[in-house]
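Down below is the structure, laid out as structure tokens.
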Amino acid sequence: MPKITIDGKELEFKQGQTIIEAAKQGGIDIPHFCWHSSLSVSGNCRICLVEVEKLPKLVIACSTLAADGMVVQTASQKTLDARNAVMEFILINHPLDCPICDEAGECKLQDYAYEHSVGESRFVEEKNHKDKRVQLGPRIMFDGERCISCSRCIRFSDEIAGKNQLTFVKRGDRVTITTFPGESFDNNYTLNTVDICPVGALTSADFRFKSRVWEMSATDSVCVGCSRGCNTEVWVRDNKIQRLTPRHNEAVNSHWMCDYGRLNTFKFVNDETRVDGPSIRREGQLIKVSWDEALNLAHDRLREFKTSEIAFIGSAFATAEDNYLFARLAKHMGVHNIDFARHIAHGDFDNLLLLEDKTPNSLGAELAGIKPEHGGLSFDEIMEAVKIKKIKALYILEDDLAGLGEEYAAALGKLDLLIVHAVNYNKTTDYADVVLPSAAFAEKNGIFVNFAGTAQRLKPATTTLETDRALDGMSMSRWDVFGTKFDRWANGSRYDARPSWRIVSMLSQKFGLKLKFQMAEEVFRSLSEHNKHFEGLDYDNIGRKGALVKNISLPVPEKIK
Amino acid sequence: MDFKFTEENLQRIEAARKKYPTALAAVMDTVYIAQEQNGYISDEVMSEIADVLGIDKVNVLSVVTFYTMYHTKPMGKKHIQVCTNVSCMLRGGQELYEMVCERYGVSNMGVTEDGKVSVEEVECMGACGYAPMIAINEDFYENLTKEKVNEILDALQ
Amino acid sequence: MEKIVLPEIKDLHLIEVYENNGGYSAAKKAFARSTDDIIDEVKKSGLRGRGGAAFLAGLKWSFMPKTTNKPKYLCINGDESEPGSFKDRQIFEYNPHQLIEGILIASYAIGANTAYIYIRGEYHKWVKMMQKALDDAYAKGYVGDAMKATFGTDFSCNIYVHKGAGAYICGEESSLMNSIEGHRGYPRVKPPFPAQNGLWGCPTTINNVETITNVPWIINNGWQKFASIGAEKHPGTILYGISGHVNKPGVYELPSGMLLTELIYEVAGGVPGDKKIKCVIPGGSSMPPLRGDQLEGIRMDAESLKAAGSAIGTAGIMVMDEDTDLLKVLLRIAKFYHHESCGQCTPCREGTGWLEKILKRLASGKGTSSDLDLLITVANNIEGNTICALGDAAAWPVKFMVARFRDEFEKYVNKEIQLPVKNKVHAMRGTAVPLADIKH
């Protein structure tokens, strides 16, 4: 392999890689604004100018191909001078908005100014003025003064989203970015431009002014909007999810996620409709009771039915662990009618990320054992059987069946017993006899398996009554670390909810099945020991990037743009 | 008020397209033709150009806003361009420019109320050896003095 | 002296007149020779580009790949927007067919079947003249498919005029290509160079109008004759454009390497009122200006001007007499580059505006001596750090004008004024600095 020397470090690189790529691979970060590993090279910001031995002028690391034997200096005096010069130029017309700018704290310009600037400006003239509050699209706000014309958003829209909707207009330092007059920057991927904007020029209309970046904790997670399972970070303040951002995983979602997933898959976690503690129906009303009382009632009532009259509905919204124990309980009880509902929105997909299956874990649910066994009924058959009262008791794991349509709601009305695990009150809980509050995806550990068979980890980002940010080793914001319990920001709502696997294991004790798991990780270990698809997998080797499940043939997914 | 190219202009656009392997490359010629027909390039003119060439609208917008000779607002019937760059400036170009502005009571890119005249301070027009110069629409007037300019402008009315 | 580019023949722009004077015979001769032979001939002639960089034309042609399955293109740069330059329009007006013939020969040499003549938009009249000449040449079968029969060759080439629309930057070869492709005139990052990756990603050569117009003469008269004219390392004639404070401004075709003083005092008739010269810009406004008291002995060719601390550029000579206000001149130049900066890359986009703002402040009497140093360092920070040469072009006049005429500029600065506020950005980094220690 050819070798390049960067700052005295000899690095191997692949033919065709640029200096910045070779450096990145070798752990050397060359400052950059306009360069993005998934976009074409534009070379306009000039901050990545580096010195290459034997070349008369500095070259930009983002477009200059690495060559065998090349010697590069990224911290020589000449390089530092050029970098400072570029920083000074970018800053002369950049407004001092940092105190009110959403980007502050995760702003490349701010970081580099701290790292590479001299700390004093020689610019005493009036700064240029441009439009500061432009509604570029329904979800995107644009501030022309903050823009450093790196063109990342323009290139993203054209090259990745495939929507050529943004352009530079005018010339020189009057240049700004706009859509065609009267048109809106509106496609399902616009919010990615906020992520890749190296400054605060593009901000999310949804997140704008919600929180300073350092006041939030960020936790690795997975989007629950569809079966792509885009890797995300969940940003939390006051124990409330403030926003989701995509997390880089080249094999799953690259750097991106869709606007739909970003905006519609976390608000229910913060919502007032959360189920807070178990409840049972008495005289038509749901009454809050203790866990024990609720579970006892669930157990006692289930015992009233023949196993052929009972059906278990697993969930593609619940984790593999949840579904696994749910299936174990069904098996223990001899219930063969076990399946889960598919949520397929026919035609609602695109060529980038969005898939028709609007659940994050249908493959995981199936592989973990949610499928009819020994002549048991499938989901559709179960629902038919409910209608004719052949099935009299349903135990539903985290799914709003009544929300699927009138027909389903009517069927649920005919049941003699309905036990439901639910994150939020919904149409299904309206019919439930026992409602068991389950922790949301953002409150628990667990595994989702995406459409392509990649097992991916969820981690708790918000706390429930039984979890603790510090004691449970959750990610902490500066406020979490330095605040006290008397501070206002500690006052976010915490719900009495538990991961479904725990609820199922508690219930299983009552049926004489000893599922003694303390942690999700132990449940998963048991799953990997008992299930060939999860063989050899554990939380560590699944890690941040996921790992493929085994012994299954799936079409190889296309590479994300 | 819909903008549509005339049949003749559509043919000219078709001829322009044949010069290049891509339709996008014909955009500059097409904007010129549109400006000739409509006087200036409005948003709907840009839409129509995009339609006729089968290119994205933002591509038209980005080009129209880059080049100074494309006007997104109506200019005067007579668009007077006065060069004030160095060679002209050394020979009185700046004074000519101020005189012309004063004469019509407009500033740079201003249009008289009757819409007959607009004035633009332009960069070097490539007439340095014949400075100072002005251009009215497409015609150059060179080796000027204030008197000569006044004569030329008098004749406009 | 024989004129190569603008011979003094009446109505030479008419195709018949051009034909009667041996027109299109060089092309016929060229097509009978091998392409390597033609490139070699032009290489040996020492013909250098007349657009500013003075690069060897034949060498440039030789960069074109011989084996490629992509089409190849020739672009003729007639954007002519450099202040002080007004030579190419003479060729469009007086000798367009020699340009066309040159294009045919160059296209043949590099294997291009399509050539674009990029003419700045403001040159409406000359665009029409060039188009007329081209139409005539097509009609006579010198261009396009018909040329195969006319010249008895397998080679054919189409030539199109592309009209610019007001953007100085399009004279930069890669923005010129982007402009032809229908984009904003943004320069491209190099490498890749046009010979590998030019118009529509295909191998492309870009030559200046004047450069190419020399080619038929070289084919007709041989490289030796061309090489013997003018300066040894920059041979041939040059279209000198002389403007500003001279009695007879205009374009003059004369051998390269002429004494600058001879051009000003004899060819252009000297300075009106016999005033002294304060400053001369020898090659268009981007080139470093020379002091009037430095002109003795300076010759107009690439090597001599380089030695004198400037460059030949487009050989557009701007003369300024002793009464010229150099601050106004420099402010006007800075305003020009600020207006024309495309805005793509940071140093030029931000720096050109900053330079103009500082100079404006100086002109309004609110400058200090340290602003002069600031001008030079800002210019230095732009220079060499940009995508294209416009950065250098904007930086050089400021940097060299201030440095070479410091005495002149010191007159404008107010030594009393100290700026009240200096922007301090996170001066508190590291350990806290007592407020009293922060000097404003």
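As written, the chain order gives the labels A, B and C, with residue 1 at the start of each chain.
Just so we're on the same page, a residue touches a chain if its C-beta (ideal position, glycine included) is under 8 Å from a C-beta of that chain, and two chains touch if they have at least 3 such contacts.
These numbers were taken from a predicted model, which means no experiment stands behind them.
Of all chains, the one whose Cα centroid sits at the greatest distance from that of chain B is A.
More inter-chain C-beta contacts link the pair A-C than the other of A-B and A-C. Chain B and chain C, compared by their mean Cα positions, are separated by 24 Å.
Chain geometry summary: the mean Cα position of chain A and that of chain B are 52 Å apart. Per-chain CA centroids place chain A at a distance of 54 Å from chain C. Residue positions of chain C touching 2 or more other chains: 167, 184, 339-340, 342. Touching two or more other chains at once are residues 168, 170-171 of chain A.
Along chain B, residues 59, 62, 66 each make contact with two or more other chains. Interface of chain B with chain C (complex): residues 19-22, 24-29, 31-32, 55, 59, 62-63, 66-70, 81, 84-87, 89-91, 122-131, 135, 138-140. Chain C makes touch with chain B in their complex at residues 71, 80-86, 88-89, 116, 120-125, 160, 162-168, 179-185, 200, 241-245, 249-251, 281, 285, 316, 318, 320, 324, 328-329, 332-333, 336, 339-340, 342. On chain A, the positions that touch chain C within their shared complex are 41-47, 49, 57-58, 60, 63, 82, 85-86, 88-93, 113-114, 117, 119-126, 128, 148-149, 168, 170-175. Residues 164-171, 178-183 of chain A touch chain B in their complex.
Touching chain A in their complex are the following residues of chain B: 43, 46-47, 56-59, 61-62, 65-66.
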